[in-house]
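Structure first, commentary second.
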Amino acid sequence: MSETDPDGDPETETTDGPDSADDSSAMIRPKWREDLLLIAKIVLATYVGFFVVGILSGAGINSTVGTLQSITFWAALFALGALALNLHWGYTGMFNIGVAGFMAIGAYTMSIAIASPDGSPAGFGLPIPVGIILGMIAAGIAGLVLVIPTLRVRADYFAIVTLGFSEIVRLSVQSRSLRRIGDTEYGTGGGQGIRATPVDSVIPWLFDQPVIGDVGNVFLEIGAAIGIASSVLMRGMYTGVLILFVIAFYILLTRIAYSPFGRVLKAIRDDELAAKSLGKRTDRAKIVAFAVGCALMGLVGTLWMGSRTHISPDSFMPLITFYVFVALIVGGSGSNTGSVIGGFAFAAFIFEGPRFVRTIVRENLGTDFPRTAYGAFAELGGGDPTAMIGYVLYQQADEVRYILLGVVLIVIMIKRPDGLLGHRKEISAGVDLTRRGAVADGGRPAVGGDTDAAAADDRQSNTGDDNDSQMETNDPDTTTAENGGKDHE
Amino acid sequence: MALLDVDGLDAGYGDLQIVENVDLAVDAGEYVTIVGPNGAGKSTVMKSIFGLTTHMGGSITFSDEEISGYRPEDIITTGIGYVPQNGNIFPSMSVMENLEMGAYILDEVPQDRLDRIFNRFPILDERRGQTAGDLSGGQQQMLAMGRALMLDPDLLLLDEPSAGLAPDLVDDMFDRIDQINEAGTSILLVEQNAKEALRRCSRGYVLVQGQNRYVDEGDALLADEQVRQDFLGG
Amino acid sequence: MGVGNTGDNVSNLIDDTRDRLSSLSGQELFALLLLLGIAILLIDLVRRLTMGELALGRLWRYTWNGLVDSLYIALAAIGLSMTYSILRFANFSHGDLVTTGAFSGWAVAWVIGGWGMYGIGELVLFSPTPAGPTGGELGMDVLASPVAILVGLVAAALLTIGVALAIDRLVYKRMRDTGGIPLLIASVGVALALRYIIGVFWTVESHSATASAPIIEDFPDWMWWVPFDRVNLHELTLVLIAVGLIIGLHLLLQYTKLGKAMRAMADNKDLALITGIPTERVIFATWTIGAGLAGVAGYLIVLDRGQFSINIGWFLLLLIFAAVILGGIGSIYGALVGSLVIGLTINVSLVWIPADMNEIAAFTLMILILIIKPDGLLGGVETA
Amino acid sequence: MSDVETDVTEVASEDSENDTETASHAVDSPILAVENLEKRFGGIVAVDGASFSVERGSITGLIGPNGAGKSTTFNCITGVHTPNEGRVVFDGDEITGQQPHQIANRGLVRTFQIARELPEMTVLENMMLAPKNQIGESLWRSVLPHFRGEMVEQEEQLREQAWEMLEFFEIDHLAEEYAENLSGGQRKLLELARALQTEPEMLMLDEPMAGVNPTLEHKLLEHIHELREQGYTFLIVEHDMDVIMNNCERVIVMHQGAVLDEGTPAEIKDNEQVIEAYLGGEI
Amino acid sequence: LDALGAGDNGEDADARIGVLQPESGDLGDLGTPIADGAELPTIQLENEGVDFSIDLRREDTETTPDVGVNRAEALLDAGYPAVTGAAASDVTITCAEDVWIPNEVVAISPASTSPDITDMDGNWLLRTAPSDAWQGDAMAEIAVEQEGAEEIATLYLNNDYGQGLNDEFVAGCEDRGAEVLEEVPFEPEQPSYDSELESTIGEEPDLLMVVGYPESGQVIFRDFYSDFDDGTTILVPDGLIDPSLPGQVDNPMENVMGTAPSARGPGRDAFTDMYEDEFGREPGVFNGQAYDATAVLILATLAGGEIDGATISEHVREVANPGGEEIGPSNLDEGLEMAANGDEIQYLGASGSVDFDDNGDQVAVTYDIGRYHEDGYDVEDTIEYES
């Protein structure tokens, strides 16, 4: 479904222009197909890689598929986060490093809304979709409250403000004072967090839904046939839902990107005063973009915690924000496709990769490794390199992951500050700007002098109905003549 | 041997080459102007002399010393002063501090030069304590000149010193450059006010697309029909 | 066209209202509210003191703790502020320089303190096996092993400087001309890598480094004016060294060209080059001072607390940032003032709020002050 | 070619007088009136009670020594700064203290002394940004399918307009270039072209010719005259007296934050005070 | 070929046990020895050369619920239907609700003491550790009745464990007529706990109860002894009992009393010997419980004869609860044979007699009361509890 959906959409909406219908689907998203192909290629290559290595190292098919599903889950989650962040940072240039805080607001709001009324702390027992929507709204409102007074704050100060805000959120939900607010039973549960009762957890709920449930059951049967446990497939179902959300986010953000609104955002990023002086309501655009981005982050929070039945403040450490950042940076900020690819690459190679390596080390070298660097060095000195390998890759897998994360960030910033995809020309306009409207030939017309003939014709045919343009009084012949003059130089 | 001799200079930013095979000489006491269209690479040549670009080839000698590859902090000690086109003041420091920074490499601030500069630009004296960034465009330009003069350089590189100046100050500026030149300092000037600059200088270069196009005496260039038409606006 | 106009009136109205809110008067409103709030709190403080709800001793203790916290925050914040203004980026790895100072300094102190009695590996890694010594067994306090502790202090500064310079060479130097945000991101990378490289060697578990602090309880008569009944010598050492370093730094920047050169560089790096300021050397000096102070801060925190883990600097980082920004970047006095505000806020606020909300108070204050003064308290005021 | 150009300039300046008379929409009241404007920065009074007005359809020059307060006046008029005192009236409405975007949307658009192109957008994107009342500028309209169709239609229209404008300024060959890669002069052209895309009534240009090569300068002036004929009003800050004297109908002279004199170029040239304060010995 | 066999050798294993413990993170210090204890039965059986092959895999929760769930899923995917895990109640609860209960995995937690676990499905989540509902009450009894404290303050780690135990303790104290002056939560790994101590000790209580883990405990006690030591009695639960603490804090800590679920089961001596032989140190808190959990899971698997959660669940109480031949750490190998033969057995463990009630909790618990001294910690007394 991931392929038909987004592709079909733009075509249906642009059929109103009589002669542009053919071109414009290609024009609106110049690299649509290539982008999808690129994503598919990278995902496929990674899957095959992990699968082969997993099977060869003896992890077993179910276990390996489990790893793949886990990668996909995190990939979808980080892609969602990166897409939302891209709206803030990539497009509007608002450096928000408080992502975790907005995710927390979304997740907590949802949890309080859906948790059972007789839990401790109590919830409101609302249906899950209501909880999700409330979570989004709460995060969006929090974004509004934060951004309006801080619009004038410098970009790097704003970053620290958002980071401070996310810590305020985390510390607040953790605080004893909000554990149960006042004398009510309701609250955040403090350090204990909130437990949404298992009955309410999302996956069983999903299986109760008409179509999704049926599809899910079919998958379960197929899985059973090839030796994949239902637990993996159940989780896969949830991941499937996340992927649907990724597609929705992608379409939404791509639409924003290729629109005048996206153009205003980009202009704000480049030079806000210039945009303002051209009559753009930059403050409003910033507020809207920030609030929407925050709402999306809240949604990501609800989706993340939706796969859990228990939510606690520890899940929203600032590190989560940096994960999302790395995902975005790996793919290249400013590019939605990059965000998706970045999310995937991050999940596969940085987030799950070291754990996977750890599994492989265990399968092949056992687990009997020294626990301290001291021991590792002692055994290394005694001529046993596996001790060191085991120490680093097995005992210290977690540390190694963080080091890897750090090094990746540094290397990308030095070598490819524009991300893996490099600097991408995503032109923010609803139509392809590189050619004049009614140029009939299918090829890419060269820009500049060569198009002049076509352009001049074009203008004549256009001026009739173009009554808004001040430029219509412009005599086409003069322009052509001037161009000719220029060519002589 | 010329005081400054640029020979076959190739330079640019990072991997991007802007200037190609440029030759340029300034004799002791000479007043040389570079003119050319926007983006021709004039400023880049100036920056290259001062070691601020990526050196890609050719030689730059000053007082018989090869200075290409020197760091700016070394070049300034050889006796070259430089007033760049943009960002030529320290905006959050006071006027006085800006001037003091001009004499950074000296052990103490030479009072006589300071007085001379205040004589030349009385507004600076008036505004000693003001934050330089709040000066108007023209005032900043004067401050930048003053700063460069603090070291009494042998050669002064000036990048569009008259840009943004009021007409009386433009004249004034040119007069002062003449004076500085007459006092023995060689001048290498980049100007968009090309006619005035060429009129006053002894020799002029026309730089186009990173390459030398014309070299001649200033008046001769002014008289050259082709040059007038293409670069001086007729 | 006309399509674009629907609802424009409404949005214009919204626009206007918002413009009015976010204009200067809005800021003034916030400032007024903040001042009002502070005034109310002060009145309440006096009330509590007079009504006996709050013992004077406790208030004094909160204040003293606030001062101590301010000092080590200030040591780190000054360095951060300097690198911020000269290298033009928010260095997220600064907290991990604090960590580096703690680990490197105490490793050296242990080696000296336990020389010959225990293996080097055991000492450097703070007893990785249960057989190793504890800080108490090594007598790691300022009275029992002053030399080890002093050498450790110097080593903390030097080794942290070394690490910072090496990182600058490897990472930041290659990015001198990129903007602040890429550098910031790279510094997050440096922070993670540095912290967990330390983690690989020292594990993520906590270590206890010192013996318990010697306490003076009997004061000689001439010290009647001291408002304490007991003095923790480690805390006192922290205070003395920190104050000494801050004064020393003030003198250094006031009476040498370095201070001016740093300001000039912070202002306009290209022009600084042109005026003959050896910018790379200034950067070197900046790292030296900044990292040195950070390292000392880390070392002293451990001296005071006795125990530490690789997260020590990271957990401090946000407070350090809050201090720097509150004070206004680029001014060491700003960093000092900011540190004081933060240090006192997280402690004195306990009069009114529970301990698990004191950092919330600090961050909220930071955000409020930024809204009122977007350049920080001393922003724009030029100091050494 | 240069001959042709100079001719055009002269013709244009003669024409312009007829033009103002015949322009159908000409109203007697000035398009812009500044009354008693004052702006202080701490102790410095940058603008000190300046009052002047700009006639509809004219090219008016604003000159004055460095630091006279010209840029600050611009900033106060266009909402970048809020004046401490005084009123600004544009097209009959008071705009004092309004936000830059509100003022721009009323048809008063400015360029900056140092060009502010949007560096990481292409020249075309820069151009597409400017037009007013774009359907897709609100989030919902840019996203919801219902509006999307209309938006695409409008975008196509704007694209045509942008190309035409670029051709008019002869920078269409740079359309796909990132703005940050343009040379100084090209940026000035782009800024002017972009400002025109907003379909303003009046343009305020802050030193449009500074740092621009003389040849390009002539072209720019030629464009300005052509545009004036189409009904635009110009207020130009410029230090190049040739530009001011040969192209403006009226000249306002500022000195120390106040208006020193106002009149035709010829009148200004003869004013002793002006000569002393500003023009030096040049003329 | 080894590579192919190693992972999914479950095909030929007789029992497959996952061990999910926090080997790093906040509880890393405690979790690793617990995991060692959980692994000990398989090491023992291998050394004794039994005919059964038992496949055991250790995973690390890093003391966070997210990683815990991730690793629990990994164990599930790799085909381990029985898990000794986890520690830290929030991790255990999350794993149980998200992974074990929905997928019918039998988990026995050796170290999670949160009262909330009692309410969870006792078929899939059991524990050899006792509920804090009892310990909180036991501590309250010690504090109020034994120590005679009338005004009490508490300092607790702000998580499931700390909050849960604190709630029980406070309720217990108030029931017994004592006044609780302050309840102050604290965050792990803060540079200083002065402010928390100020708000508790500053109120001058008769007794301070502190719940936490050694990581933060070290700092709290250091701060206490450097600035707040006025001889106030401090009462700590198992989480803060760590014989190395006085050395780390550099203070004899003689005013600190502790309570911990006793590990004085019938098989304790045999277990302690084996543990010391294998790992070269004394067993710590919950190590015996961990051994028992693994042992019971192995026995239940063999008794059921199938590597399948539901089957194991059916047989857990059968092998553990009274009735049948007594099996303990010393004769575990015999127990295996008997279980496989379908004989009725009763496991009596290292930590206690190991009888599960319907909720999966222990039927009876003994608590040790002890005190710190210069060289460590010694148990001085015990109290009995029965549900």
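Going by the order they are written in, the chains are A, B, C, D and E; count residues from 1 in each one.
Operating definition for what follows: a contact is a pair of C-beta atoms (placed from the backbone, for glycine too) under 8 Å apart; a residue touches a chain by one contact, two chains touch by 3 or more.
It should be emphasised that the depicted structure is a prediction, and the values quoted were computed from it without experimental measurement.
Note on connectivity: the fewest chain-to-chain touch steps from chain A to chain B number 2. Across the two candidate interfaces, B-C and A-D, the one carrying more C-beta contacts is A-D. Distances between chain centres, each the mean of the C-alpha atoms, put D farthest from chain C. Remark: chain A and chain C have CA centroids separated by 34 Å (rounded to whole angstrom). Chain centres here are Cα means. That of chain C falls 39 Å from that of chain E.
With centres defined as mean CA coordinates, chain E is found 78 Å away from chain B. Shared contact sites, meaning residues of chain A that touch two or more other chains, fall at 174-176, 281, 283, 398, 468.
Multi-chain contact residues, meaning those touching two or more other chains, occur in chain E at positions 24, 158, 184-185, 187. Interface residues of chain E, counted against chain C in their complex, comprise 24-25, 28-29, 158, 184-187, 189-192, 194-196, 198-199, 202, 215, 218-219, 222-223, 225-227, 244, 247-251, 281. Residues 58, 61-62, 65, 69, 130, 134-137, 203-206, 208, 210-213, 215, 230, 232, 234-235, 301, 304-309, 311-312, 315-316, 346-347, 350, 354-356, 358 of chain C are the ones touching chain E in the complex.
Of all residues in chain A, those touching chain E in their complex are 56-60, 62-63, 65-67, 70, 174-176, 179, 190-193, 195, 198, 201, 203-204, 229-232, 234-235, 307-310, 312, 314-315, 355, 359, 362-364, 367, 371, 398. For chain A in complex with chain D, the residues that touch the partner chain are 9, 12-14, 16-17, 20, 24, 28, 252, 255-256, 259-264, 266-267, 269-271, 273-283, 285, 288-289, 292, 425, 427-431, 433-434, 436-437, 447-449, 452, 455, 458-459, 462, 466, 468-471, 473-474, 479, 482-483, 485-486.
For chain B in complex with chain C, the touching residues are 50, 52, 71-73, 76-77, 82, 84, 87-93, 97, 100-102, 104-105, 147.
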